[in-house]
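To start, the structure itself, in structure tokens.
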Amino acid sequence: MIPINSKITKIVAETPSTRTFFFDYSFEYAGIGQFVMVWIRGVDEIPMALSYKNAITVQKVGDATSRLFEIEEGGFVGLRGPFGKGFTIPKKRENILLIAGGVGAAPLASLAEKAFSEYSYVTIILGARNVDELLFMNRFLQCGHVYITTDDGSAHRCGFVTDVLEELDVSVYDRIYICGPEMMMKKVFDILEKEQALDRAEFSLHRYFKCGIGICGACCMDETGLRVCKDGPVFNGKDLMDTEFGKYARDASGRKKWFL
Amino acid sequence: MVNVTGLRLKNPTILAAGIMGTTGASLIRVAQQGAGAVVTKSIGPEPKDGHNNPSMVKLDFGYLNAMGLPNPSYEDFLPELKKAKQKSGVPVIASIFGSNEDEFRKVAQGLMSGKPDAFELNVSCPHAMGYGTSLGTDSKMVKAVTSAVCEVVNVPVWVKLTPNVTDIVAIGKAAEAGGADALVAINTVRGMAIDIHSGYPVLGNRFGGLSGDAIRPIAIKCVYDLYANMDIPIIGVGGISTWQHAVEMIMAGASAVQIGSGVYEGLNVFFNVSEGINNFLKEHGYKKTEEITGIAHERF
Amino acid sequence: MVNVTGLRLKNPTILAAGIMGTTGASLIRVAQQGAGAVVTKSIGPEPKDGHNNPSMVKLDFGYLNAMGLPNPSYEDFLPELKKAKQKSGVPVIASIFGSNEDEFRKVAQGLMSGKPDAFELNVSCPHAMGYGTSLGTDSKMVKAVTSAVCEVVNVPVWVKLTPNVTDIVAIGKAAEAGGADALVAINTVRGMAIDIHSGYPVLGNRFGGLSGDAIRPIAIKCVYDLYANMDIPIIGVGGISTWQHAVEMIMAGASAVQIGSGVYEGLNVFFNVSEGINNFLKEHGYKKTEEITGIAHERF
Amino acid sequence: MIPINSKITKIVAETPSTRTFFFDYSFEYAGIGQFVMVWIRGVDEIPMALSYKNAITVQKVGDATSRLFEIEEGGFVGLRGPFGKGFTIPKKRENILLIAGGVGAAPLASLAEKAFSEYSYVTIILGARNVDELLFMNRFLQCGHVYITTDDGSAHRCGFVTDVLEELDVSVYDRIYICGPEMMMKKVFDILEKEQALDRAEFSLHRYFKCGIGICGACCMDETGLRVCKDGPVFNGKDLMDTEFGKYARDASGRKKWFL
């Protein structure tokens, strides 16, 4: 498919750094956690999780996202997707835990809603830099119990999502879903590994994408060779053991960039 | 078992250059999924980010890409090559590119310690200025580059040709004259798509290379012509995603086939294609792939 | 209304050469079905039966043909041309071929009394020995043939290019230098298919030309490159069967489009495509096709 | 489609000059009167009506048909099709007349059987050079009343199908179907025109085919421009008025060849 020409019908400023862009095109059959490639013409095409069937929620970080922030309602982008493998939808009466850091809340808010509507019991740990950056808090609040952490303590407790996680009894959760900055996810990973909960956990990863459809190999993980764009972006925790996860990623040329 | 320039392949399917070939782990995975050999991403003298996205789109009848030869440089790729060699269990062919003899020589030498089973010279990428096609359309340059590499390496050298020339046989002969042990045909066909809603060319690089189903008849013709005119083996690539496609390519003259975009259908494409070829051979009473290589040339 | 080299077309869709163009009656029928202009089958100096069947097969992603320029000779075709001129109500372009300047000149002169609105020189058929591509890949010959015809006719001369060259722009420039009023791009892409059950090449001529969907990205790229480098208008052809395809071609740089294999979808393809283009122009606030010709070149 | 590789499972010598070739491939959805392109590898590809869903009945006339006659049971040809527009199937209780000359009986025998099975009343005029060349007589005899004519009088009456036709009351037939040599069909056409029965008549034509799929234009009729391979081979009698039908056809180069 060449990108679907999609009109931006509504823009919602979610936090100072993130906006949700709603489109006239809806990916009705997209799985939660799947992503689309967003073509900002003349600039770049970048991967974005669907935060609704017909929307993406974007943090402004560089060229393409900045240009996107300049486009107004009524403007157009090109969309290809949905691509990749999303989250496993929890079953009725399952007890689930979502851990969202920053813009990582984007795919998880839909998951919370879906799980809630299917009668799962939902607990959320939502973290952000500060109170203003807490993304989709209202969506989460309607689905279950929400623990909030901010790096600067401007809301509830000061600290990280892992601080909350360490206080919870992980064994009560049938499934655990994580999306956020890689170092945050790595810390969660380590805790879950210790708690022997990795096989119940699903992490949504970010890598540099080129093709987005599993051909070019830009997004492959060491040592499994799994492609984040096709075999992921959501991976079971077990599949991340002894991989590059939390250690390094690769840039556009394929060179390793170590996480600090 | 298929023998291509001395490399012993457990089956005639090879991962094409630039497909899931950026890391050692990925090459190992493809080998484990059934490929008879794997070719690395084309590696050059310096790190390159490649073109802006969109760098690849799926069309209804094929794929368009303009990756722009992204690669970490031979220095950074060397460990990946070593890893692939150690663990893939199949021959690993290092695809390399450069803008002249010196660069090709340097990259080849730089990768020799990784012990690739062969080199594949990419003189045929249709969308990276100063590399690939601009070089691969010039017989003199092709010969020069080929002999430059042949002089410094002690493994077979394959030369990968572009179909975007008036006379692919002339370029093939130049490669042979330069010492090529085999030819690989074809790289992508130059192509382009425009988004009519905005008027923008779809690829970040504006134009790129067409691959997949659309180019199979073109590749078959190139391989057929090369086979008729060359003495060295031809490796067929372009639009192969089923065993029928592979058999057609082999009948046109290919000793083995490479699969690129076909990976979109799933990594089991290598297993499926090689099993299909085997069954076809058995059903028709042939013992090995070689027996049907080029048989279309005998049918009048 | 579209103006192409002085010909006034009621819409920018033109029947491509070699498609339903062997008789006057057929050309008239296509015009009545909505084509803005029609091009005849390529006509040569002597009657030719063409290649043995199979001369055309439909593939999943396009068509392969090797007709071999069958034609009744210009003498026998003249009454057909006259009939088409009399009754079609649209411009009729005579496509001609020959193996050298003299033959081209002779055929053009022989058809002048039929009053074609323009000539289209077929220097690009990829599968008739000694004609077409063998000639159309040589800039000198293209220039010579073009000026030979331009000297003896007083109507516009279009030159139809083959994509099977290293540098289509160079050939386009040769045609322009010879006096061409417009370029038509592209003819079919050389291709081949082999029947794996028997090993026989499918076409009677063994290989042939690929048309239809598979070649659209190739045609778009050729037209894009020609538009960027030429001053005369380009007529785009290759894989067009919907208005979206036509708009894409026009944005790449085409002043009008030709439809060949697309006729397989039904003769209403001309009506549908031209209506679709009209609606697109209206919706986007354009008044005429010219306004979107080549706009992909302005998008960065 | 590239030609379907088809095994000849059975060969039946129907008459001294015609044989039926049965294939392992059956064109289940073919309309009666549609044709296939038969690829005799290394020689040529030629059009043949389907005489059964899985068979063609061939008269040996030249290169390709001669080569085909050399292929034995178990041998292979390539088949593309079914192509073109076949006969209109008559409705229940309609009164129909079939006029078959020589190998023209090939598509009409299936039509007779179909019509009979759908409760139409079938009359057949079957003509041939001599008694041995009467094709599919048994198939016709099972479907309705058969008038037989032979050029040399070796069976029943001596003469042509038109002799019979002229003695029949054409007005009783709801539909009339004709297939045979063009000059025979032309004579039938003239009679039916006089009887104002052309709009009830369908003729199956032969022209030189190249592509067989309506693109190349080799088989176009003057003055309508209709393609025999795509708009035909079966045409309503009205569509043949003021056309080249019965006057000339074109050879492979497109030159006119006048019927004598």
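By written order: A, B, C and D. Residues from 1 in each chain.
By our rule, a residue touches a chain if its C-beta (ideal position, glycine included) is under 8 Å from a C-beta of that chain, and two chains touch if they have at least 3 such contacts.
As the structure is a computational prediction, the values presented were derived from the model and not from experiment.
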| item | value |
| --- | --- |
| Length of the shortest touching-chain route, chain A through to chain D | 2 |
| C-D against B-D, pair bridged by the larger set of C-beta contacts | C-D |
| Euclidean distance of C-alpha centroids - chain B vs chain C, Å | 33 |
| Chain C and chain D: spacing of chain centres that average the CA atoms, whole Å | 36 |
| Separation of chain A from chain C, taking each centre as the mean of its C-alpha atoms, in whole Å | 51 |
| Per-residue multi-chain contacts in chain A, two or more chains | 41-42 |
| Numbers and ranges of chain B residues touching at least 2 other chains | 59, 193, 198, 200, 299 |
| Chain contact topology (line, ring, star, complete or other) | other |
| Chain pairs that touch, as defined at the top of this document | A-B, A-C, B-C, B-D, C-D |
| In the complex, chain A residues that touch chain C | 41-42 |
| Chain A residues touching chain B - in the complex, by the definition given at the top | 1-3, 5, 37, 39, 41-46, 76, 78, 80, 209-218, 220-227, 250-256 |
| Contacting residues of chain B [partner chain C, same complex] | 59-62, 64, 137, 164-167, 189-194, 196, 198-201, 207, 210, 213-215, 217-218, 220-221, 224, 244, 247-248, 251-252, 280, 292, 295-296, 298-299 |
| Residue ranges of chain C in contact with chain D within the complex | 18-30, 41, 47-50, 52-59, 63, 65, 67, 70-73, 76-77, 193, 195, 197-198, 200, 202, 204, 260-261, 263-264 |
| Residues on chain B engaged by chain D in the complex (per definition of touch) | 299-300 |
